[in-house]
Amino acid sequence: MTAILKPWIFTAHCPSRLGTVDVVTRFMAETRNYVLEMQSFDDRELERFCIRVEFRPQDDNFSEAAFNAAFAERAAGFDMEWQLRTPEHKPRVAILVSKYDHCLNDLLYRFRTGQLNIEIPVIISNHPDLESLAQWHGIPYHHLPITPDTKAEQEAQVWKLIQQYDTELVVLARYMQVLSPDLCRKLDGWAINIHHSLLPGFKGAKPYHQAWAKGVKLVGATAHYVNNDLDEGPIITQGIQPVDHAQYPEDLVEKGQDIERVTLFKAIRYHIEKRVFVLGQRTVVFAD
Amino acid sequence: MTAILKPWIFTAHCPSRLGTVDVVTRFMAETRNYVLEMQSFDDRELERFCIRVEFRPQDDNFSEAAFNAAFAERAAGFDMEWQLRTPEHKPRVAILVSKYDHCLNDLLYRFRTGQLNIEIPVIISNHPDLESLAQWHGIPYHHLPITPDTKAEQEAQVWKLIQQYDTELVVLARYMQVLSPDLCRKLDGWAINIHHSLLPGFKGAKPYHQAWAKGVKLVGATAHYVNNDLDEGPIITQGIQPVDHAQYPEDLVEKGQDIERVTLFKAIRYHIEKRVFVLGQRTVVFAD
Amino acid sequence: MTAILKPWIFTAHCPSRLGTVDVVTRFMAETRNYVLEMQSFDDRELERFCIRVEFRPQDDNFSEAAFNAAFAERAAGFDMEWQLRTPEHKPRVAILVSKYDHCLNDLLYRFRTGQLNIEIPVIISNHPDLESLAQWHGIPYHHLPITPDTKAEQEAQVWKLIQQYDTELVVLARYMQVLSPDLCRKLDGWAINIHHSLLPGFKGAKPYHQAWAKGVKLVGATAHYVNNDLDEGPIITQGIQPVDHAQYPEDLVEKGQDIERVTLFKAIRYHIEKRVFVLGQRTVVFAD
Amino acid sequence: MTAILKPWIFTAHCPSRLGTVDVVTRFMAETRNYVLEMQSFDDRELERFCIRVEFRPQDDNFSEAAFNAAFAERAAGFDMEWQLRTPEHKPRVAILVSKYDHCLNDLLYRFRTGQLNIEIPVIISNHPDLESLAQWHGIPYHHLPITPDTKAEQEAQVWKLIQQYDTELVVLARYMQVLSPDLCRKLDGWAINIHHSLLPGFKGAKPYHQAWAKGVKLVGATAHYVNNDLDEGPIITQGIQPVDHAQYPEDLVEKGQDIERVTLFKAIRYHIEKRVFVLGQRTVVFAD
């Protein structure tokens, strides 16, 4: 089996009304774009339409700019926002970490093998520990220590790096710092955090210890967008793992790593494959 | 929250070519049918296109006949087969059973509570045991015993009942008889069987005993369409359950019941919600 | 394969100290009781020892009374509480329900087929709806309506029935009433409730609606012992089910039924098979 | 919470007979070994007893040799085989790989972080590709290419390395070579292989392609001991992953990696924590 060309991906969302699907699919047909896979959803409660199309242009002279210009005319009147992702596009993802490296290591492995089709221009940490791991993968590592006194300044540096490296997505891969409301606002909708509990259960610090004390029989992880409310951003995906009485808090910390890293990876993949739409507190995820 | 009207469901499939989506969605828009949810898939290997649309007509004088007549013109040239399911439609499902009643009991419960939006005009069994269960639900029960000598005759009676009760789907809810090739052929594509193993593992008789002897750590169930090859029809869905050393064959028989009945129910629901398309040996399932 | 005799079950718990296992197993050997399966756990944090033994007496004149008398001497000094369950014992389980019948129907099915080895002497409800279901299974059904004004009186009647029917376990199978602290106290440790969320998430009313609003990607159910704090009793087991954006609150209500009933069944089975030990807020569950 | 000392682990198995548990636990009590956790199982069909005890010696002068000598006397007459694992013991695990590195990378990560408490004295491959990965972890890498003509010779070298590095366990981490019956025999019971299907389904080459062609809705991985029959050794653990129609064979190959590596890791952990007992074609696994 020869290598399969990745498809183009088109996504759009707009207020609910008659004809939303047609405006997209008719255009696809008329501009000779072959639809491989398509999903649409019209949210009854939130009155919002979302669509995702994987397609392959049939004309050799297909042009992104021409597509966008022509489609803009069609979509006029629908108040539609849309995006086109080329098959070659590799989102530039900045990763923030602290000392735990299980998520980082996992993302770097998937990055290295191409399973995660991204660039990682920079890794930022408030600790020096993971520098050699970053180096082995040839990725710049910025150590920006933080204290209560230097928090504002450190965050300013973080923000500068994110901008400087031309970042499209920020991933908090067990970054053990509470971001300020200001930075949260700046990252709203384009930063993904992994929290090691099944939100809304066990918000805040040491969720595995909370879970042990409560005696739950399932622990989990939640990948969500950062917004201005700690551990409250729109959830992208969640994973779970059964536990029993013989597992003490330190066991949960260790055994939860697998579900954390897979859950974070899945959320990033959904995001970069343009499968996620944020509708207020909820997300529409056209999973595969 | 008031009761929500069920949507109309449109499904179609045809050979792959440019414009398949558009022929459907343009028609939907032009005939003022509001699309709630849509999924399409174009199989690269099997070169076949499938689409499923949930919609709500906006015009009061919407007519099924008119829709079909008008769409027939549009779809000409696409070699397309399609179906329209009205919100009110309740498929007539004949159930075949033997002595095990866990699947039957489950289906009857979901039928009774409306979770499974079907009619059950008849239950047919080669044993008399489950008659009172059928009676409590007010469903005709036909006891058609079978011996090696009377197999052909019994199957003829089964077939006659299936026709006589105007059946749209046949469900083998742990019917412990191997159907003849002839009956399989007649039921090809519109009969669902539940086999108590993860096919293709452990085909044939006593799969839980086979599973125990092999020492597997997961057992499962497979719901598939009947075709002319025993335990080989296209798979609709599969479920699993972990097992350990302490579970003897009779434990697997008992503990497997939950996964069997849920797997069978899921397959029936997918089928009647028009989520399943058969592509040769494989199925496309637009799951929810 | 011939029917397998059920084993005797011995369970005990006591404060942690050296020799706890030995006091049990030495006695088993000396009194010629064949150990089929055994599990013990000594909780480091709570400093409590638990043991569960399945065994088969080898002497024909084995007597429960003699066992208990002799073991009492051995266990002196260990501050040990123990229980012996005969193979024939069928716990008497009173079930409380309201209008939802999915859990009740499931328990009655498992009761009827012997999968759940219990007696159900009585079903109590604050609504008349499920009487015919109880009747078909030949079980007395007491309709005890409740209003804010009659709550105390109704609970007194409930409690009287529980005692009168010589109940060993009370199951709240979606009983939609908040028990008073007084009744909770009386039932502490021998009543099991099913809550339709992954506790501690979404306590209180309408958890599926809360879950939808929060946009979680997994919903679940929690079976726990009743104690004097609403939705806070020790958790026995939990189950989950993935959900996506297309499922509205009413879909969650419907689709959650499967995980609710299986989770409740599992908890009851663990309880009657003497697999559960309550250690403060947590449980030790020797699952199979 | 301070670091918790790992426990000693004692395991034993012998033919079924009265008193097997007692011979172990009485000795533990008399030699002042505190039992933290214990599991025993007596297999009715295979008539074999297995026990696993986690304990902590209470006497400062506890000695492995003295324990073994004294226990040998006790166990005489039970035909018992037993093993004692010290808290400090790190099994020496040789890893065989080919080109796929997802399992190797995962094992190396868990080795590096101490999650997998082993030594990896050597990595052996029939390809040079993964040498730098081994080097970064400071582990000797032996590239032993293989052709049909040199198979016997290559296997002799492999075997020599396994011996030379004083190996206690051999892991085939997607080693894409069929071992000769002779090498299988030598490794019987102390080599673990990962096969990328739910055995006994899809034995042999390209199981994901087989799975796609068959249209299954679940794919999986099986970790099993190597014995003299290809893909037929006793199963330790299995994992699954749902798939749908949109996943082509190359997607299954990629998406199966997560379940393969977790399943292999779990099997190795069970093995080195002495949780696995081989009883003919089946295993007893005292999982946690």
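To keep things simple, chains are lettered A, B, C and D as they appear, and every chain counts its residues starting from 1.
Operating definition for what follows: a residue touches a chain if its C-beta (ideal position, glycine included) is under 8 Å from a C-beta of that chain, and two chains touch if they have at least 3 such contacts.
Owing to the predicted nature of the structure, the values given are computational and were not obtained by experimental measurement.
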Task = State the chain with the largest centre-to-centre distance from chain A, centres being mean CA positions.
result = C
Query = Could you state the distance in Å from the CA-based centre of chain C to that of chain D?
reply = 36
Task = Could you tell me the distance, in whole angstrom, between the mean C-alpha positions of chain A and chain C?
result = 41
Message = Please output the residue numbers of chain C that touch at least 2 other chains, ranges allowed.
response = 4, 37, 41, 44, 244, 246, 248
Ask   = How is the touch graph of the chains shaped: line, ring, star, complete or other?
value = complete
Inquiry  = Which residues of chain D touch chain B once you look at their complex with the stated criterion?
reply    = 41, 43-45, 198-202, 212-218, 220, 234-238, 240, 244-246, 248, 279, 281-285, 287
Request  = Mind listing the chain B positions that touch chain A in their complex?
outcome  = 4, 18-22, 25-26, 28-30, 32, 34-42, 44, 58
Task = Would you pull the chain C residues touching chain B in the complex into a rising list?
result = 1, 4, 37, 101-102, 105, 109, 113, 115, 136, 244, 246-250, 254, 257-258, 262, 288
